[in-house]
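Naming follows writing order (A, B, C, D, E, F, G, H, I and J), and every chain is counted from residue 1.
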Amino acid sequence: MEFLVRAENLLPNDTPDDVRDQLKKAERARAMELREGGVLKRLWRVPGRNATIGLYAAEDPAALHDALTSLPMWKWMDVSVEALATHPQEKKE
Amino acid sequence: MEFLVRAENLLPNDTPDDVRDQLKKAERARAMELREGGVLKRLWRVPGRNATIGLYAAEDPAALHDALTSLPMWKWMDVSVEALATHPQEKKE
Amino acid sequence: MEFLVRAENLLPNDTPDDVRDQLKKAERARAMELREGGVLKRLWRVPGRNATIGLYAAEDPAALHDALTSLPMWKWMDVSVEALATHPQEKKE
Amino acid sequence: MEFLVRAENLLPNDTPDDVRDQLKKAERARAMELREGGVLKRLWRVPGRNATIGLYAAEDPAALHDALTSLPMWKWMDVSVEALATHPQEKKE
Amino acid sequence: MEFLVRAENLLPNDTPDDVRDQLKKAERARAMELREGGVLKRLWRVPGRNATIGLYAAEDPAALHDALTSLPMWKWMDVSVEALATHPQEKKE
Amino acid sequence: MEFLVRAENLLPNDTPDDVRDQLKKAERARAMELREGGVLKRLWRVPGRNATIGLYAAEDPAALHDALTSLPMWKWMDVSVEALATHPQEKKE
Amino acid sequence: MEFLVRAENLLPNDTPDDVRDQLKKAERARAMELREGGVLKRLWRVPGRNATIGLYAAEDPAALHDALTSLPMWKWMDVSVEALATHPQEKKE
Amino acid sequence: MEFLVRAENLLPNDTPDDVRDQLKKAERARAMELREGGVLKRLWRVPGRNATIGLYAAEDPAALHDALTSLPMWKWMDVSVEALATHPQEKKE
Amino acid sequence: MEFLVRAENLLPNDTPDDVRDQLKKAERARAMELREGGVLKRLWRVPGRNATIGLYAAEDPAALHDALTSLPMWKWMDVSVEALATHPQEKKE
Amino acid sequence: MEFLVRAENLLPNDTPDDVRDQLKKAERARAMELREGGVLKRLWRVPGRNATIGLYAAEDPAALHDALTSLPMWKWMDVSVEALATHPQEKKE
């Protein structure tokens, strides 16, 4: 099943640059793994904000939770999840 | 997977009594079927309102949508759904 | 550019069935044209509601507006649009 | 009577790991006691968040308050409580 | 246990005067019964609005729900209920 | 005149225990004075929160403001006040 | 004591012109009486809306309620009232 | 001074086409006059909605109110106005 | 033109008393100047809060902004401004 | 395409004056470049707040994001963006 995931990144502004850089690198690496695993299907930036909207696929909300909390930035992120139902238009294609 | 479902019943006040009664009866009958099928697990009233909070189980959001729209009152209900993730405390029990 | 589009369908409950059916049919036909034209990329149902979330692509907000208002149900829909920015993760793939 | 309880865990990110671990352990132990006492009936995670939704049973709101504040994490939690009314469908079963 | 109850009266403006008067009379009569039964403890008007705030006492939310729905105006009222916990200051008095 | 007063206590979690205890003691003492003076008529806890709902009586909003700000915890409290109008049902009793 | 009063006029658009005109005339006449009585101290339009913000003075919220409901347009108005406390700066002048 | 003006058009869906067309024509004509008079400086559509955002200039809020209410569609529009302050960056250019 | 100005004072609780006192004194002095200049016409306290509602007059929003930012407390204040339109009832007086 | 951009400046109050001054200078310099590049078309102050509303033009949301994040103050700004659709009235001029 698919989920729409909004994530505001609240990493404090006074985080040292090297810590931030390392986190971003690790975040990207983990995101790439989630892409390869078919969990992270699309990712967009919310223009003007340090925030993203992502389209995820996971077996259930618990599996999604595990995927999101595996992201190194997770503990600084304010995340909201919306479960999506397949639309009949897409079922029939 | 489980879902928390809030439903406000917006059936107009000027609905004739017999129509309303028939709808309530049919609603109850369908709800009972959903209970027997393991889809509707718990149902509460929001005190003071013509509204309910329900705990549902369904394979995925699309199956939940089909269950909810099978309720005769559905087209008068303002429904919001929240997907729940199993908590590790309960997994381990 | 891509847009996330939420649409609540507010078609009145007392709409005659034939009018409703004809509208749904026409809506589906127009949606299919938008899919073929690459405008409507994905469509989901908001579980429990007569509402959808869609991923659209259009040249600009005015083109998106034209696409959305070309849907026969549009005048009964409460639509909100969010412009999405391509994420660097996806640019580099 | 039953209550729906949402709890956002706002423990600061810079809490030392050992303090956090000890708190989580103590939280789990107390939660288990509340389960055994029939106070905590179900617990879910809000997917993507450090937050839970719980179904509690207590004699009255004051007893629920005492149960919630007995949780070691309570002082870092933003809690909201909703009192639930038994639904006639369940009374008659 | 005690509850704080807000009720907005949404009776349509075009309700005939005699219907409205009869409803108000019946509402007042039923409210008086609830007062005598110790259910309705205090009632205030929200200044400027056709709305009230009431302090109710009932055994549990289901009993409160029954009391509120016994009011003849109930089906035109938008009601919200907040369960109150006894404060230790008052317990000790 | 009467007022409904909500107060969220935002005293920081890292307040030393002795400071907190002293504040709570002083708060309780001042609250008792306000009760004796007929200013604080009822006090409830919002279940699950470090928050209260109080029913106050004061000559006017300025007098209420003085009463509330006389509470030692006031500067850590997020307070909202709602002026209540006497209901004709109670006038006539 | 003084109150800030917002009032949105929701008189339906299909109200016959003569009814509307008569109501506006009566409304203005009553407003003038409230001015002369020192109840309505200032009145502003919310620009772009059929709405006003008023500064009222009344003995208490019940007296304000009576003043507001004496306005012929009241039953079509969505009113919200905010009680104001005299500021020490003004007391000392 | 300048104002940002949001306007949702709530003209009912069942308005006869000829009435709607006449209103739109009149609306456009009046808007053009406001443009020529320097009152309406820019106008955008909110994509997906029957709504606009406009940049207006008027001597004061009362003059803006008169301009907006001179639009034939005004009585069906839900309008919100935000007064803008000239930014020093623009003063110095 | 006139403006309604809400200002929440967010000066941190741990501000040293002498700094706070000096700020309050300076704030009061500047407020008095704005009163004498006809800019600050009325000021109320929001009961129970460290907040005010003020009625200001200024040539335009930029002049109002300059007046507000001239207050020594301004940088700790969360301010919201609402432009008011003169009501015809008051024009004709 | 054009965008409406709201930006609240949340630079902490205890930022040293020289850091703040340098940031403001750099911000202004970059803003001027964006103006010259046709990206920043208009800028207003939200009266009473450390906040702006800007009218921007960019090829797409990603280009707008790059422009906004190029502002030295960006990391302290809470930004929200609204994509605007050209209105037919303006197309035809």
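Rule of thumb we're sticking to: a residue touches a chain if its C-beta (ideal position, glycine included) is under 8 Å from a C-beta of that chain, and two chains touch if they have at least 3 such contacts.
Chain labels with UniProt names: A, B, C, D, E, F, G, H, I, J = Muconolactone Delta-isomerase.
Note that the coordinates shown come from a computational prediction; the quantities given were computed from them, not determined experimentally.
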item	value
Common touching chains of subunit F and subunit A	D
Cα-centroid distance, subunit F relative to subunit H, in whole angstrom	46
Chain centre separation in whole Å, for subunit F relative to subunit E (CA means)	24
Subunit J residues counted as touching two or more neighbouring chains	3, 45-47, 61-62, 64-65, 81, 83-86
Touching pairs among all chains present in the structure	A-B, A-C, A-D, A-J, B-C, B-D, B-E, C-H, C-J, D-E, D-F, E-F, E-G, F-G, F-I, G-H, G-I, H-I, H-J, I-J
Complex contact set, residues of subunit G against subunit H	13, 45-50
Residue ranges of subunit A in contact with subunit B within the complex	1, 3, 60-62, 64-65, 81, 83-86
Residues of subunit I touching subunit J in the complex	3, 5, 7, 61-62, 64-65, 68-69, 75-76, 79-81
Subunit H-touching residues of subunit J, taken from the complex the two chains share	2, 4, 28, 31-32, 35, 42-47, 52-53, 55, 82-87, 89-90
